[in-house]
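Look at the two complexes coming up: subunit A is in both, with subunit B in one and subunit C in the other.
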Partner chain A sequence: MKRFNTYDAYKIRYDGRRFDQIRNVNFKFGLYPHADGSVYFEQGCTKVICAVYGPRQSRIRTSDDLCHINCQFSLSSFATQSKKKAQRSMEAGRLLERTLKSVIDRSAYPKTRVDIFCEIIQGDGSHLAACINAASLALVDAGIPVKGVVSAVECGVTRGYICTDLNGSEVRSSAPKIVLATLDGKRESIMVDYKNCLHINQMERMIEAGFDANEKIYACLREAILLRTEDLRKVVAVKEL
Partner chain B sequence: MPRRSGRKTNNMPAKKKTCIPGDKLFNVSDGYKAGFGTYQERGAIIASLYGFVCVSESKNSADGKENEKTVEVQQSEEGVKYIMPVIGTVVTARIVSITTKLAKCSIFCVQDCILPVEFSSTLRKEDMLESEYNKRGLWEYVKPGDIILARVLGMGDVQTSYLLSIAENELGVTTACGENGETMIPKDLHTVFSAKSGYEESRKVAQIPYLNA
Partner chain C sequence: MKVEITGPIKRTKPFENDKDVGDIKIVVPGTVISNRTDFMSGHGTFYSNDDIVASVAGAVRQVNKLLTVQPFKSRYSPDVGDVIVGRVVEVQQKRWKVDINSISEGLLALANVSLPGGELRRKSAEDEMRMRMYMEEGDLVVAEVLNVQSDAIQLQARTLRYGKLGQGLLVKVSPSLMKRRKTHFHDLHFGAKLILARNGWVWIEPPSDGQMSATGGYTHSDEL
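For the complex of A and B:
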């Protein structure tokens, strides 16, 4: 039976969201006690575990006095519907590394290294954007100086409409999509990655939709960090009693 | 989550302001300067850590300028919390191995903060005493397994490990490990002894007044 087209009829998607609406964000800090910063992050049905180790001592001999960033992106074998092996994407790891490298204050800890590991345990679209959001929370949890809170979103075209925060059924192999990352929810991008053919007029509108969605995701991440800071204050309040 | 209201006393000190990364704290034109956990961008001091905002004033009596105010973000309300060795601080290290000219150490504590991960460092023979370092062998200063108090001099030549120094009176061995595995305690400036069997070995002992009393 053919599905009723809610895109044209009601301007909503199949999972009940409007075109500019993001999915629910859930998080949990302190997943691994042995990691310096760790977070479990959900964005809809996309679930990410991120762990940050560092600043550690670096054995790499470099001439500059900066911190060395290592990022690893991996997709579990049980994360998607297809029964493939666990994939470690070099391309997504490089994008993640370059995004976080521009945000981490690397001169604060010279000649050290920071390792960031992101693992998708359930994939439902927007994998890279969810990993960037999870890594942003994990870096704050680890106490590594960052210039702000990074938020990322994936926008694409589905049935002719520009949708934000794509889920698994909306991500298709030939549809145009971009991944946009901003700092502190401002309308300035620090990373843009796009795939497939895009019309130039559609590109501008997709970037504008990405900026709007990033403001919403930044509000969620900020609330998460504020709750984390409240946990920090509770520790102090216990000592005062 | 529900927030239970705790006991509120009148003499409770004012709670410090909390911030998250990306928050604008102060303007540079108001006389503030960026310290630890903050950075300066476009005339504003922005936090780069989450925690408590601490403003410390330093009076410049030499100049006629107003007081410089340094903004820092600390993650614990008590004070500075180290997560890696800083040049000039006193660290606690463990001797890993020795050669005739240097000793390899592992820093696990900076002042009173235990590091989450250990940092390797090097203790050279000429950094063990201020003078007369040629008269004694390196095994008469430290041995593997000892716990030492040392001061960080900087990065070494290969730029991968730290340089330590125990050339001050307050620095040196605090707990020694004897050849048969016994724990030795300090006796005088250069001697440690075993409380169990009583035999002595040579060490460069840290002169900590409270510890040696």
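For the complex of A and C:
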């Protein structure tokens, strides 16, 4: 049975969003009290838990004695509709590590390590982007100095239209898509992960759409941090200088 | 508690510089606090071209020309003179490495410890061999921060009130809840003793039967 093409007819996607609309963002901090920073992050139906430990003593010595960043990205076995063994993606973990390495102030704490663990408990597209957003929130929750708040979004071409914040049914293995990460919502990318083939004329439009969507996601993350900071302020003693 | 956000919400203007709650300015990492020429950047801030930008989420504090951002929740960062409770993780040649829930481990040198019996004497080579008899991996110790360097936190346990801890209960809370006070050792009226350490570890000791003062803080348990 052929699905009615709402893309051409009404210029909306199958889940009711416009092409440039992001999904609902939901969050909860402090899930793991013994972790230095932890957050439960939802982007539509994609649910991610991120825990950050650090900076703490490290046995591993990096060059220049900088802080060692260790990222783990894993997809639970119950996360997607197809029953799979729990997967730990090395590639996504590396991308996450490189994104966060450029953002964390590594020289502030020499000879230490920061461990970031991301677990996708429900996957509905934009896995890497949701993990970057969650890790960004968890890092700020842990009080680790960062250059800014990282936001990420996954954009792709669906039925000929450039759509942002792809969900599970829109992410197809052969369709071109990019994961674009920016800092503080500015129009400068700090990480781009590009898959499959795209016409050169479309690339610029895709990146522009990615920047636009990132501004919106950044506004959500920023609001989340402000709410969390206000909550903490009520509980914690503010040091008198 | 469930909070749902659909895109940017109305009450915050996008890219508003900061949020004022009473007299305290709360910032998000990445917000520009001030111009470089007027102030110097302290903890929690960094220079970016001509601006001072916050690197943690917290309250902006200004002391004369120094701007710092104090995060409300972070790993314990020791100040000189803080009372801390730690757990020994390693016995090295002339010192113990102590885990104090901070960025790096604390170092308790043999020279900075008063030996059992309460005497303060110069430590000999034999004492070095007997370090393990006093404290080994897994033991809890109460000490004071002597010096804080970039990669090492030096501790000292010279007075009688510091040293190895015996039987009791350890409770861990967030270090941001511990205010600095005149004394961190408390005697509860029914005899139990309480140590509120600045690194967030609280030690509760059962009432003793007068042994403490005689041995100068050294307790020996016969149980395995």
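The rule we apply is simple: the second predicted complex is superposed on the first by the 232 of 241 C-alpha atoms of A that agree within 3 Å, B and C clash if a C-alpha of one lies under 4 Å from a C-alpha of the other, contacts with A are read in each partner's own complex, and residues count from 1 in each chain.
What we mean here is this: contacts are C-beta pairs under 8 Å (C-beta built on N, C-alpha and C of every residue); 3 or more make two chains touch, one makes a residue touch a chain.
On a predicted model such as this, the values are computed, not experimentally measured, just so you know.
**Q** Which term applies to subunit B and subunit C once both are placed on subunit A by superposition, clash or fit?
**A** Clash - subunit B and subunit C, as placed by superposing on subunit A, overlap.
**Q** Can A:E188 be said to touch subunit B (first), subunit C (second), both, or neither?
**A** After superposition on chain A, A:E188 lies in contact with neither partner.
**Q** Counting only touches as set out at the top, which of subunit B and subunit C does A:V25 meet: first, second, both, neither?
**A** So A:V25 only meets subunit C here.
**Q** Could you look at A:T112 and tell me whether it touches subunit B, subunit C, both or neither (first, second, both, neither)?
**A** Once the two structures are laid over each other on A, A:T112 reaches both partners.
**Q** Between subunit B (first) and subunit C (second), which does A:C220 come into contact with in this model arrangement: first, second, both, or neither?
**A** The answer is second: A:C220 touches subunit C but not subunit B.
**Q** Of subunit B and subunit C, which one contacts the greater number of residues in subunit A?
**A** Comparing touch counts on subunit A for subunit B and subunit C gives C.
**Q** Between subunit B (first) and subunit C (second), which, if any, makes contact with A:V149: first, second, both or neither?
**A** It touches subunit B and subunit C both.
**Q** Could you pull out which residues of subunit A sit against subunit B in one structure and against subunit C in the other?
**A** In subunit A, residues 36, 55-57, 105, 109, 111-112, 140, 143, 145-149, 183-184, 222, 225-229, 232-233, 236-237, 241 are touched by subunit B and also by subunit C.
**Q** For the complex, which residues does subunit C have touching subunit A?
**A** Touch residues, subunit C against subunit A: 1-9, 12, 14-15, 19, 21, 24, 26, 28-30, 44, 46, 48, 53, 55-59, 61, 63, 70-75, 99, 103-105, 150-151, 172, 174, 176-179.
**Q** Mind listing the subunit A positions that touch subunit B in their complex?
**A** Of all residues in subunit A, those touching subunit B are 36, 53, 55-59, 61-62, 105, 108-109, 111-112, 140, 143, 145-149, 183-184, 222, 225-229, 232-233, 236-237, 240-241.
**Q** Quick one: which bits of subunit B touch subunit A in the complex? Just the residue numbers, please.
**A** Residue list for subunit B touching subunit A: 1, 6-7, 12, 15, 18-22, 37, 39, 41, 46, 48-51, 75-77, 83-84, 116-117, 119-120, 155, 158-161.
**Q** Which of the residues in subunit A come into contact with subunit C in the complex?
**A** 22, 24-28, 34, 36-37, 54-57, 105, 109-112, 140-149, 183-185, 215-216, 219-220, 222-230, 232-233, 235-239, 241
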